[in-house]
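Below: a set of structures, written as structure tokens.
In what follows, chain A forms one complex with chain B and a second complex with chain C.
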Partner chain A sequence: MTVDAVYLLQLTLNGITLGLLYALIAVGLSLIFGVMEIINFAHGELLMLGAFAMAFALPVMGLLYWPAMAVAILATMLAGLAIYEVLLAPLKPDEFERSILITLGLSIIIIHAMQYIFTATPRLVDTQYGFEGIEIGSIRITWTRVIGAGAALVAFGGLYAVLRYTQFGRAMRAIAQNREAALMVGIRPRVVARNAVVLAAGLCGLAGAAISPIQLVTPYMGQFLIFKAFALVIIGGLGNIPGAIVAAVALGLVENWIGGFFEIVWQEAAVFVIMIAVVFLRPDGLFKRGGMRVG
Partner chain B sequence: MKLAAALVAALLFAALPLLTTSNYIMGVGVSALIFTVAAAALNLIYGYTGLLSFAQLGFWGIGGYATALTVVTFGGTFWWGLVWAALINAAVALVVGYPTLRTNRHAFVIVTLTFALLATLIARDWVDLTRGALGIPNLPPPVAFGYEFGTTGRFYWIAWGFSVAMLTFLYALCTSRIGRTLVAIKQNEPLVRAQGISPMPYKLASFALSAAITGAAGGVYSFHLGIIDPLFLDFYYMQTFLIIVIIGGAGSFWGVVVSGIALSALPEVLRFSADFRMIIYGLILVVAMFVMPSGVAGWLRERRLARLRKTLR
Partner chain C sequence: MTDLALELVSVTAGYGDNPIVREFSARLYAGTITTLIGGNGAGKSTLLRAIFGTNRHFSGQIVFKGETIEQLPPWERLKRGVGFVPQGRCNFPAMTVEENMKMGCYTLPAGRHVAAIERVANSFPMLRTKWRTDAGNLSGGEQQILEMAMVLLVEPTLLLLDEPSLGLSPKMQGDVFVTVQQVARTGVTVLVVEQNVRGALLISDRALVMEQGRLFMEGPAAEVRTDPRIRQAYLGGNIKQTAA
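Up next is the complex of A and B:
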């Protein structure tokens, strides 16, 4: 089999952009797990809400990309706040199964309510950039992908700065690394957990908004992305943010390469096979876990 | 006492085809019996062993496809199909379970969930084997000794025999020394180790058995429907099993059996549109987790303990 270099490069670029968007979802999950030791099953639905918010905001804003994205992020942050205050705040850190079941119920309510209201018909989202792209030689990549990837990179930079240099972020890391000690120096876990959930929801909204012009928007879009994000969180190590980012970009690449040359079923199976292999060889994930560290 | 009540209930269920000629009621009966078995299998791994497994949905689907493919593609009988469904699932459970159970319970939940969603995607995308979204229609009715289980009334006997056999087996297992060991692992694993018992074989065996039983249940159910397609792996089934276990009371054998029968009949009584039904299921799940996280059986047990304390005071 001869491999066409241009085709391979095209797959690689697509893989990196997709991987960065996966990373946004996985980072949010890691952040919540690090601070609260729970898994938010409804995270994919936050993404879906972000995509829907983008789809509805765009025509109102005259197809302007950035204001619509801001609306989507705000909407998901509000949804995250509501979810935290109503459902997650009463949970204790060791109630892992309960957290899963509660957020599972929530995710089913959201999916089916959205399907009931907006029907399951896939929506095509058009932006000011349309479907134009940059062309380098015979490689073509759409603007929406480039901007999505760029926004993800900026978001990671911002997250790094927040976690490393602000009191807000230090409190999150403190809770993640040693809950008792953090309590003793006067950090309120409830406030920190709320901040973490809202921050993670915002990242998810960004991912949803960035993905909506790339993929079709349906009530089910979150489910298939979230299951990859769960696997990524395991591969990168639970609660490990850099690990999740590296694993996500790697998965985006591997998936696109496999998808370019083999049948689609292998593309879907890849993430699971990798996850089982990682769990088998390194039960704590590829990267060593030690509380939530950023650098 | 409980056993006598169970025997009477089993005989009453056996008499259902004699009491009614309605295919609809008997169809609901078949679903109730099979869902109860699948929920009891989930109870074995979640309620007794304390491992929340979402993989049951995958096992249910693999079992359904294994049975259907044995008959349609490989020309075997329905009965061999069930055996294959159980064996394949047990093998898959060992392969997935061994690496995963060495990690923590968090990873177990997430890996099993990913497994279930993967099974759905494979059912849809591996067209050569599963025929993709079109599915495999017109599954032939099972035949035993020249007797064809062609009608719903006749198929009901298969579902009844299957569920009585499986529930008896699970009851014997859960009340045995093995069942007590599983509960001990759930409650305090370090203590179990300190007693010189290795938890790993028990967890693996519990996972594999639960997978095999769920798979066989899926096999029976696919032939009840007469068709299998990727919708057989809809998350609706996983949610039904979970709600049955949670409402009945995880770790309570009879609680889950009773709620299995009751809750399988409930959606038929409440005939809403599919979306509405799912929304109500989701609401039930959320509310139940807040109001009575240990289910009806747990609630009754607490009431009894409270009364006991009152009389002792």
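Up next is the complex of A and C:
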């Protein structure tokens, strides 16, 4: 097998884009885990809702990308708020098992409700950018991929600033690091948990909106993503946000490389093979584990 | 010295379905230091948590500044002036000292943060020398000082301290006691649980003795210090408690 450099570069660029979108999911999962000590198994469905919201908003907005994305983000944030208030807020701190059942059940309900209402037919989403892209030599990358990657980077910058420099974000890290100390300084855990869920849902909405013109939109698109994102959170070191981002981008790359050169089944298996290897070799993940480190 | 800062009226508190502290009544006087003595597992930490509101309240009243506060959540009690520094390490280890101090200002309006941090950092110069160090990398004594500083940012009028000198070197223990005295001199009422009973009684005005969740004895620290039962149980060569 000869490796064509241009092909490899193309795969690499696509891999980075996909990886950044994975990272948005993984970071949200990490955020919710840090603050609430639960795994939100309905996280992938928030991405799916974001993708559907984008798909429906685009025609209404005259195919304009940014306004439709804003609608998608807002819609998933509202969904996140509803999920928190109805299902997660009543959870007590030590009810991890219940949280698994609740979020897993919710995930299945959302998938089937969406399928019932909108059918399982995959949707192709068109935006103002169509399938145009930039061409460098014989490499072509569509605008929707470039913009998706750019939006993800901006979101990470914003998230970093919020977690690092605002009391709103610091309170999330505070709870993740020491629950009793958080109470000591007067933090209201439920308010912070709600903020974290809504923020994480917004990141899912962004990822879903960005992914919808790149991949087909179906009610199932988020289903396996949660397991990938969960694997990434483990690989990156539980509670380590930059770790999750690095792991996600690396996964996007590996998947695209493997998918480009081997059979597609290996692409899907790669993340779990890597996760199992990491768990055996470095039980705490590749990067330092810790109370929601941001740097 | 007769102004009442806190009154506990037959307080029963604990966790889940288990009352630990039972029908505990006591009074704390404004600007004084009261030490709470008792064997391991007597319920001292449980009582402090009950006053701050981080465990389950079963019955009784907690009267602070003339208001019953036992139904309020911890942040509301903090806003009213009840500060609590829990037992063991209680800070944000992956945040710098500066960030920890900012978190200490959480319940203050944003406009007051700078002045509050300035004021407290002035009373604890050590903190400034470690300003950009992660709290988790400070020594045990430094972390204890930091935790007290974080609570003092909101200028509580009642300060609950749970074993502030635990695990510290004798010198650091001394520093912590001096700090507690300084804080009390500014008019703050202090209720302190101490494993160093001798040291705590020396800086305290009054003492409460708890056994198996109940009040066993109370009085001026000097009297409690000389009580034969206390001498035998807490001040003798053998620190092992006799739960008589």
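Here is the rule we use: the second predicted complex is superposed on the first by the 295 of 295 C-alpha atoms of A that agree within 3 Å, B and C clash if a C-alpha of one lies under 4 Å from a C-alpha of the other, contacts with A are read in each partner's own complex, and residues count from 1 in each chain.
Just so it is clear, a residue touches a chain if its C-beta (ideal position, glycine included) is under 8 Å from a C-beta of that chain, and two chains touch if they have at least 3 such contacts.
None of these values were measured; they are calculated from a predicted model.
Asks: Overlaying the two complexes on chain A, which is it for chain B and chain C: clash or fit?
Replies: fit
Asks: Going by the contact rule set out at the top, does A:N178 touch chain B (first), chain C (second), both, or neither?
Replies: In the superposed model, A:N178 contacts chain C only, not chain B.
Asks: Quick check for you: in the superposed arrangement, does A:V233 touch first (chain B), second (chain C), both or neither?
Replies: A:V233 contacts chain B only, not chain C.
Asks: With both complexes overlaid on chain A, does A:L87 touch chain B (first), chain C (second), both or neither?
Replies: A:L87 contacts chain B only, not chain C.
Asks: For A:I264 in the superposed arrangement: first (chain B), second (chain C), both or neither?
Replies: The first partner, chain B, only.
Asks: Quick one: classify A:G105 as touching chain B (first), chain C (second), both or neither.
Replies: first
Asks: Considering only the touch criterion stated at the top, classify A:R140 as touching first (chain B), second (chain C), both, or neither.
Replies: A:R140 sits against neither chain B nor chain C.
Asks: Pick one for A:F96: touches chain B only (first), chain C only (second), both, or neither.
Replies: first
Asks: What is the value, to the nearest 10 degrees, of the angle subtended at the Cα centroid of chain A by the Cα centroids of chain B and chain C?
Replies: It works out to roughly 90 degrees.
Asks: For A:G186, using the defined touch cut-off, is the partner it touches chain B, chain C, both, or neither? Pick first, second, both or neither.
Replies: second
Asks: When both complexes are superposed, which of chain B and chain C contacts more residues belonging to chain A?
Replies: Between chain B and chain C, the winner on chain A residue contacts is B.
Asks: Taking the superposed arrangement, what is the smallest distance in Å from a C-alpha atom of chain B to one of chain C?
Replies: After superposing on chain A, chain B and chain C come no closer than 14 Å at C-alpha.
Asks: For chain C, which residues are in contact with chain A within the complex?
Replies: Spelled out, the residues of chain C in touch with chain A are 52, 54, 73-75, 78-79, 84-86, 89-95, 99, 102-107, 110, 147, 150-151, 154.
Asks: Taking the complex as given, what residues does chain B use to touch chain A?
Replies: 52, 95-96, 98-100, 102-103, 105-107, 109-111, 113-115, 117-118, 121-122, 125-126, 235, 239, 242, 246, 273, 275-276, 278-279, 281-286, 289-290, 293
Asks: Which residues, counting only chain A, touch chain B once they are in their complex?
Replies: 33, 37, 39, 87, 90, 96-98, 100-102, 104-109, 111-113, 115-116, 223-224, 227, 230-231, 233-234, 238, 263-265, 268-269, 271-272, 275-276, 279-280, 283-284
Asks: For the complex, give me every residue of chain A touching chain C.
Replies: Residues in contact with chain C: 167, 170-171, 173-174, 177-178, 180-181, 183-188, 290-293.
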